[in-house]
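Reviewing the structure listed below.
Letters A, B, C and D name the chains as they come in the text, with residue numbers starting at 1 for each one.
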Amino acid sequence: MIKLPLIVLNFKVYSEAIGEKAVKLAKYAEEVSREYDVGLAVAPPTTELKTIVESVNIPVFSQHVDPHPCGSWTGGIVVEMLKEVGVVGSIVNHSEKRMILADIAIVLKRLKDNNLVSLLCTDTIETTKAGAALSPDIIAIEPPELIGTGIPVSKARPEIVQGAVEVVKKNNPSIHILCGAGISTGEDVAKAIELGAEGVLLASAYVKARDPKTILLSMADAALKAWENR
Amino acid sequence: MIKLPLIVLNFKVYSEAIGEKAVKLAKYAEEVSREYDVGLAVAPPTTELKTIVESVNIPVFSQHVDPHPCGSWTGGIVVEMLKEVGVVGSIVNHSEKRMILADIAIVLKRLKDNNLVSLLCTDTIETTKAGAALSPDIIAIEPPELIGTGIPVSKARPEIVQGAVEVVKKNNPSIHILCGAGISTGEDVAKAIELGAEGVLLASAYVKARDPKTILLSMADAALKAWENR
Amino acid sequence: MIKLPLIVLNFKVYSEAIGEKAVKLAKYAEEVSREYDVGLAVAPPTTELKTIVESVNIPVFSQHVDPHPCGSWTGGIVVEMLKEVGVVGSIVNHSEKRMILADIAIVLKRLKDNNLVSLLCTDTIETTKAGAALSPDIIAIEPPELIGTGIPVSKARPEIVQGAVEVVKKNNPSIHILCGAGISTGEDVAKAIELGAEGVLLASAYVKARDPKTILLSMADAALKAWENR
Amino acid sequence: MIKLPLIVLNFKVYSEAIGEKAVKLAKYAEEVSREYDVGLAVAPPTTELKTIVESVNIPVFSQHVDPHPCGSWTGGIVVEMLKEVGVVGSIVNHSEKRMILADIAIVLKRLKDNNLVSLLCTDTIETTKAGAALSPDIIAIEPPELIGTGIPVSKARPEIVQGAVEVVKKNNPSIHILCGAGISTGEDVAKAIELGAEGVLLASAYVKARDPKTILLSMADAALKAWENR
């Protein structure tokens, strides 16, 4: 279900990623995935999930999921809703949607029980180690202070990427590890993979690009080359 | 846009209101709206909004909306997403999704600026009065302790319904006032309207009914009769 | 219990306002209150409340209070604790400690039932009007974007102060109305009172001043003169 | 600083633990600690911390601490305030005051940097393992569904206590492990220690007891015997 190296495109709730524009951004990713042997996944806004799942043949993630089961939770996003929609899994605990520890554990278990992939976001080596103890399928470490800055974590904080890779692989080698925050170019992606990451999580550099497909092509190309040289 | 008397059906995130089942529940409501001259609206789970809007010709509400604009709000539900999806408006501050006062004010303004209808939930006469000061289109008073109990607010706490009607109409007569919590039968709906409410907000009594359409027919019938006798 | 014009000094959790330093800041305020016929109150950090109440003879406010009653609320700050400590009341819904609407209503009622003074913070004219509907003893309007900037609300946004005064006095003239955010000098205080405010809420300009007492003396002087010229 | 076996008494914000009553409950614990060679610590309501620290010679814990440093955090409880007050440390992430994962990591680090003891609460074996990765001084596992029930975790869910002991000692043997929830008698305490716990965390069984000292004496006695027989 998870192809490496993996590039996950978080659409957030950018105005550039709503309605027809979301479909277009997802289709570009699908096209790039046909040209390059890399994993490409998208995480569109919640209201667009169903349409995107029906529009493309690449993995689609939800951006968030609540811990509770079906029931009296007006406005909630529960695992059963995601399952019905047909996404492959969900981002959990993004720095813009932090969760309490107890709820993270519940959500990861509920995703697993429903055969959905969990992509847990963490912010430091310490929380990555704690997160690894909860056995998500994927961890993406993103120092929040770099998110949206264009300063790539893989260059500005290489020791964080390496440290996260190390604690994850030491504690639970079956967890895939991505990094994110500031990833803007193919070079940033390559650098991340050289540091041991198995892919990247990015948002604005793709969604807000003048020419998203071209940027994604260069990222896929760089990712593949770095991956083969590991 | 708002037809009175109004029956708003909150699907919450009940397992009975996901996927095809959500469409069916919405279609029943549409059918009843053709037989009775009452307002009927549905509020399906967030991931189902687009499908429901495309499936029926009655007003569709979101169950929640966040205060922020488009941007870096992973997992957020913003007004622009709702506008794109085509809903008529949104429930705001449901007792299962309470908001801080400052955010309620922002959300109501953002909905208005986007020509979307706001349905603000309140829990007491005092918060109804405070809510009325923020000029939503609709207020639904729901004493949380009665939600999901089957004990109808219109019978168990008539003074709350009357008090809410009074403070709303005195402070801002253009706001429509509904009541909710425990509304389960046509009789409960009629009683609410007799007390001055212009409709009801209900959830489990419809969504979890063995025969939802029959119940809704009897509610619409009772609502219409009570409305004509006001 | 509330003397006008009122200057409320919020100590926040500044390092300059902990332990002996908190006592000193409170004593300065007490000294100034003996020299000028103005109301002076302090809101020290929660752990310092008891000591400050025992150290000075001016009104002491808590910075926050939770809505629940005594019971299983580990880490909570409940009204009964404040009552025991001997404070005169509590700030409610400060922009750094926002509360949901339903809880604001509960807290205001619990404070009143315990004969404690409520000082409700609001951020706009709209939320001030909503807050006034809940009948707190005092409302302090503080546009959050000006807090801590040194740009005084009374000069930068006079229309907000005037608008808040107007909606409060029109809806419930017994509520006292303060303004805050950026208030740094006697002139700022005077301007606030000229606009109709009955006092000010300030923090860093006092707590972080090189010579807090001198600044407070000039504020009290300016407040009194403006008050007499109303 | 931490004496084993350890009995931590959480006063929550019970009406029986405010003002003079808090002092009395703390003094009983001090008296018992003189008679039995066990660790006894108390966690009084936040407003009582200073008084209790000055009144007794046993470790005093805060019930909660926020992640931020000194500054503009009206109503916050920061590490520096606790340091000033003279407590020995703080409970973190109690089930009645849950924290997001990122904040737990920050708080644990800030406590350590200030030489304060951290007592992290967890709810399952999984979150205990995650918590252990963050290296608190003490972990207390408390299944929330048993808190306040009088049904002791050590008897009703022995496998949870054993599992928590195992993951903690395997991952980081320097962390002390307590259990809590429903602990009401000396027998419950003994059972916890037999299962490998190094002490207990309890609240209502002590605070709301008709004769708290007698109950605590029997718990200390049972704890000591079980500890010697390990």
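One rule holds in what follows: contacts are C-beta pairs under 8 Å (C-beta built on N, C-alpha and C of every residue); 3 or more make two chains touch, one makes a residue touch a chain.
The shown structure was predicted, so the numbers you read here are calculated from the model rather than taken from an experiment.
Shared contact partners of chain A and chain B are absent; no chain touches both.
We define each chain's centre as the mean of its Cα atoms; on that basis chain A and chain D are separated by 37 Å. Separating the centre of chain A from that of chain C, both taken as means of CA atoms, is a distance of 45 Å. Along chain A, residues 95 each make contact with two or more other chains. Looking at which chains touch one another, you get A-B, A-D, B-C, C-D. Considering their complex, residues 10, 12-15, 18-19, 43, 45-51, 63-64, 70-78, 80-82, 84-85, 91, 94-97, 147-148, 203-204 of chain C touch chain D.
Chain D makes touch with chain A in their complex at residues 93, 95, 98-105, 109, 122-124, 126-127, 129-134, 144, 171.
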